[in-house]
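Alright, structures below, take your time with them.
Note that chain A is present in both complexes that follow, paired respectively with chain B and with chain C.
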Partner chain A sequence: MTATVTGTADDVRTAVPAPVPARRRRQWRHRGAEAGWAYLLIAPTGLGLAVFYLWPVLQTGYFSFTEWGPFGGHEWIGLDNYRTLLADEEVLQALGNTLLFALLGLLGIPVAIVFAALLNRPRLRGVSVYRALFFLPVVTMPVAVAMVWRWLYNGDFGLVNYVLSLIGVEGPHWIADPATALYALVAVCIWASLGYNIVVFLAGLQAIPREYYEAAEIDGAGPVAQFRRVTLPLLSPSLFFVSVLSVIGSLQLFDLVYVMAGSGQAARANPAMPRIQTVVGLFYDKAFYTNDRGYAAAIVMALLVLIVVFTAIQFRLQKRWVHYG
Partner chain B sequence: MWKAVRVGAAAVLAAALAVSAAGCGGEEPAASDEKVTLSYAVWDKNQVPVMEELAAAFTKDHPNITINVQLTPWADYWTKLRAAVTGGAAPDVFWMNGPNIQLYADNGVIMPLSDKVDQAKLDLTVYPKALVDLYTFEGKVYGLPKDMDTVGVWYNKELFDAAGVKYPADGWTWADFKTAAAKLSNPAKGVYAVGANLAGQEYYYNTIYQAGGNVISADGKKSGYDDPATIEGLRFWTDLIKNKQSPDLKTMTDTVPLQLFESGKLAMYWGGSWNVSEFSKNEYTKTRVDAAPLPTGVKQATIIHGLANVVSAKTKSPAQAWEFVKFLGSKPAAEILGKKGPIPAYTGTQDAWLAANAQFKGKIFLDAVSYAVPYPVSRNTAAWNDEEFKQLTKAYTGEVDVEAAAKELAAQMNALLAKE
Partner chain C sequence: MADRRRMTGTHLTLLLGATVMVIPFVWQLLTSLKTLTSATRVPPTLAPDWRWSNYTAVFELLPFGDQFLNTALIAAARTAGQLLFCSMAAYAFARLRFPGRGLIFGLFLSVLMVPPPLFVIPQYEIMADLGWLNTLAAVIVPGLFSAFGVFLLRQFFLGLPKELDEAARLDGAGPLRIYWSVMLPLAKPGLLALGILTVLASWNDLFWPLIVNTDPEKMTLSAGLASLQGQFQTDYPVLMAGSLLASLPVIVLFTVMQRHFIQGIAFSGNKG
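Moving on, here comes the complex of A and B:
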């Protein structure tokens, strides 16, 4: 005890093992404790991710090399599922449909930007009411949304065709006609995600400082030039974010199609089914209807690869056009 | 994700509470028979009340056994049941049908009941032979028949009167049906004679056997879809669509034939005896519809089917589950069922059903048993049922000629049967 008070320089050195200034050491220890807390606090989420996401993904990967009995039990069959997959017309058709869904789904982005820009006008009254209205479909259960749209689209008694009949147009059976089914579904997808996209773009627009527009105005830029030279570049991070999510969402499309294609047996007799079957829909069919779980696992693994590839491409391309102001 | 965790935690808590509560109740020295709750899975919401009544009647005699009737709608029943079996959470007792019995028996999912039937000295001849055979697999009985059904024509008297067409009656033929269909259809008004539903049991299976064809050979090894007579049975329906005497598949995808019939858009609806409960409750059909036998083609035929109660092979209370199934197959249970549900399978109890549904000519469904054909099944029925949808959809839309579609279906089905 006395040593610390009256001790020599040597004593001090032995008491401090590492030649680290005391202040920084304290900071480190402090940081270690902080990190401990951080890990503890993210542990529930991390654990949840590992248990409910990572582990199932790994398991699915394993199952994709197996064949399942009708009630569980599986045996290793190597690459057989993947060989079948490459030659399966049904899978190719579903892949084509899904890519078309993803591509057409991107059309929702300009629509969302227009609405966001309208909502961002400084003197607009009741902005929060509009925002809530546009956001409503996002917080509504997809199944409920799909049921209502199913009625709207009904070829004989639906509201859509009733409105068309007022202007003398005889509408088709939107979701049972192979020629229209996919587009009718894309429209619902765009409508359903519009609210979310508007909110993201609105936040992006509001983050652009007014001074930039003032400066642009002084330099003689009109509204169009302002939009092209100021708004778009500064909105590009939001654009990037929304387009990545939109593509992933479209590639995983299932619930809307499942509910809207028809209930139970009616869906199987829907003549448009081959044109609107998505990869996840096909996965569901194989896994839970014909009970070919191993093959179903191979289908979703292929989808996983597809999503990774598309997202990687998008991240690659972002360097060319996304500006982080 | 967190919602799932929270629900899980709540379930664990609830279970713990239930266990402790049960502990409190068990003060007395335990009797030899413990209290058990059996889960009983069914798919028809119309039958839930009568199932609950049967469960209550059973619990009255067996106070230690409570029955929990679980309803899963038809569209999800088999999907959910398979997942439950795979996950080791199958219900103790559940409804079984023809297309699935062999699959479940072959994989050891349900318990063979033959020994128990012998022990209890049950007489299986009280049920129609076609149904006992349906639930016998490799010489063992796996289920006790619960009910039976045959198919007939439900017709809308109002639409028949309006078109000046005589009501269908005993002995009417395909030719009579086609003449009536032509008079009853009015596509401009959206009224059709019948909805050519792409469904086997109530629709094309019947006409296939009426035409002298078959869906599957008697030994269950070969498809009958390439038989010219079978193709005639299919053409019966594709012609109706072609002649605009039936709505097309697009219309029927948007609005199913049952809904069309119940809103006066179809003059006839091929349906089962089970439709009685639906049509007697529906405000529109209650007074306007009645039943007639199916028209006769080359011969007279209707598909007979019936459900059975089966016991899960993994149930924790096999003795109690068997007691319950035995009760459900008994005469008193059949009498309760007949008053409020479908036609009971137990011979001699069907009068209660007839009396309970006297507003319709229910007798035609019982008379049909004499010329009925068993529902066609094999070990993996679902596999070729899927193929039926894929190939016949093309024939019904007219995309592919019915003969070509049927031959393709036969080829695919034979390949699947070879794998069984």
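Moving on, here comes the complex of A and C:
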């Protein structure tokens, strides 16, 4: 074998077809030039993310140790916001509500798996029609979704209570009743995200080779055993992804509550509000309604801690049950 | 045959589920064509009164035309910006070698993990300082940059065969030329996926537009509609007409491009 012995592997690769003018080749191979181009290409997004996202996170962290005056300006007050926060009934209640939203929201996952499994049946007709219908709420503006459901849940004229009345049940004022408001909202969250979860699960299911099921069948495994021994383990990466995303999404719930239960004056008039106020809703209220931005920053830092802890727990637990093929 | 029966059962279950998904939209449409009196009748009636004037009433209640245009302009600008900027950065991360690549990419990814409420107070301050409150620029500019978009397209670029850009390299093409004439055309499905997801996210976004634009004429549709709730008199037929009009463009886009939508979601779902 004859080869140029001197030089690096890169030289060998680029040296084989050589009719390129030497000067241009050197220019491109020159590391400094390549790095220069790279920085230039990254610069717009890099600067944008730094100015509008990374630096603001640090600033929010700083603001959480300050108090804002009514006419602008803020002063350092150390840990005071956090001390207030830990004893603030309103904040603790919002944290509790948000955790409940996140936990109950997970109930949508088994439903999504069942529908995805049904859609994954071989020779099923109309898959794309079903998928489109399930997906409709995912693409619909959340504000519109919230308005429609507010109307459906209406205590006097709502469709939900009418259907219940047909079987002799007198439905409550769902969104204004402290006993039902949270569950009514959870149902909407599950309904709205079902299509997204189905699509992710369906993609996961379609990636499982049919031969695995055939082999399981030869071994005498029934449908239930096949689901437990083949489907679930191989679907576990999708399951992990969806549950992490679902929890992170629920912890940041805002739009639905804002539109369905109101904000500002309207929210204060709703007797169920303390039971459904979320952390982000409370943050919005403090930061942009009562202009208590230092305290709002502390609230949202608590949310960040919550998200980091929950995601870390999920990543820790995944080692026990998630199988990557 | 047992298989036949099982198939029927499958269809029945799916139909039941699909009905639950669709009924709210059907009810929205029916209500939007009723008078307030007939919408609040007990027991409710199915038949609409064909009151199309509910749809024109939306334009009297809100500067709906302005808000529609705002929403469309913002979605278009954010999408165009992200497609360009994200693909540039994604190409650099996927194909070029430079000091600090891992560190910078890590910083980009860290943005992905931070919830939006952590950005908005300082972002609001920036907009106030620039005098951009109640302008479209306030909504557009932060939305031009996306860590998610960079991540998605980088994954896509990494999946493309290296031989093609190496061949171009040997022909003497520079990085910029390779990015523009080789990588971008190959990345069309990835760009389409990101474009669709960005239009969707931008059109439906409420939180930031609500904070930064409080003048009804500068609002997006989401914020405009949300501002109607809590008003003393709730005219549900008009609200239903408005919410239907506001969500219709994205629903139409979805219906036309269903396959790409689903692929985009599945792609980001399995790689992101």
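General remarks:
Here is the rule we go by: the second predicted complex is superposed on the first by the 271 of 325 C-alpha atoms of A that agree within 3 Å, B and C clash if a C-alpha of one lies under 4 Å from a C-alpha of the other, contacts with A are read in each partner's own complex, and residues count from 1 in each chain.
One rule holds for everything that comes next: a contact is a pair of C-beta atoms (placed from the backbone, for glycine too) under 8 Å apart; a residue touches a chain by one contact, two chains touch by 3 or more.
Every value quoted in this text rests on a predicted model; they were computed, and no experiment measured them.
In the superposed three-chain model, the partner touching more residues of chain A is C, compared with the other of chain B and chain C.
By the document's definition of touching, both partners, chain B and chain C, reach A:Gly262. When the shared chain is aligned, chain C comes close enough to touch A:Ser128, but chain B does not.
With both structures placed on the common chain, the touch criterion links A:Leu185 to neither chain B nor chain C.
Of the two partner chains placed by superposition, chain B and chain C are both touched by A:Gly48. Using the contact criterion defined above for the overlaid structures, shared-chain residue A:Phe288 touches chain B and also reaches chain C. After overlaying the two complexes on the shared chain, residue contacts for A:Leu159 are found with chain C alone; chain B is out of touch.
Within the superposed three-chain model, A:Phe115 lies in touch with chain C and out of touch with chain B [touch as defined at top].
Once chain A of one complex is fitted onto chain A of the other, the partner contacts of A:Gln59 are limited to chain C, with no touch recorded for chain B. Comparing which residues of chain A touch chain B with which touch chain C, the overlap comprises 48, 52, 154, 156-157, 262-267, 288. Of all residues in chain C, only 7, 10-11, 13-14, 17-18, 20-25, 27-28, 31, 39-44, 84-86, 88-89, 91-93, 96-99, 101, 104, 107-108, 110-111, 113-126, 141-142, 144-147, 150, 166, 169-172, 174-176, 179, 200, 203-204, 206-207, 211, 221-222, 225-226, 229-230, 236, 239-240, 243-244, 246-247, 250-251, 253-255, 258, 261-262, 265-266, 269-270 touch chain A in the complex they form. Residue ranges on chain A touching chain B, taken from their complex, read 48, 52, 69-72, 153-158, 172-173, 175-177, 261-273, 288-291.
By the touch criterion stated above, chain B contacts chain A in their complex at residues 1-2, 4-5, 74-75, 79, 82-83, 85-86, 103, 107, 109, 190, 197-199, 249-256, 380, 382-383, 386, 389, 393, 396-397, 399.
Contact residues of chain A toward chain C in the complex are 13-14, 17, 20-21, 24-25, 27-28, 31, 34-35, 37-39, 41-42, 44-46, 48-49, 51-57, 59-60, 63, 114-115, 118-119, 121, 123-124, 126, 128, 130-137, 139-145, 147-152, 154, 156-157, 159, 162, 165, 191, 194-196, 199-200, 202-204, 237-238, 241-242, 248, 251-252, 254-255, 258-259, 262-267, 280, 283-284, 287-288, 293, 296-297, 300-301, 303-304, 307-308, 311.
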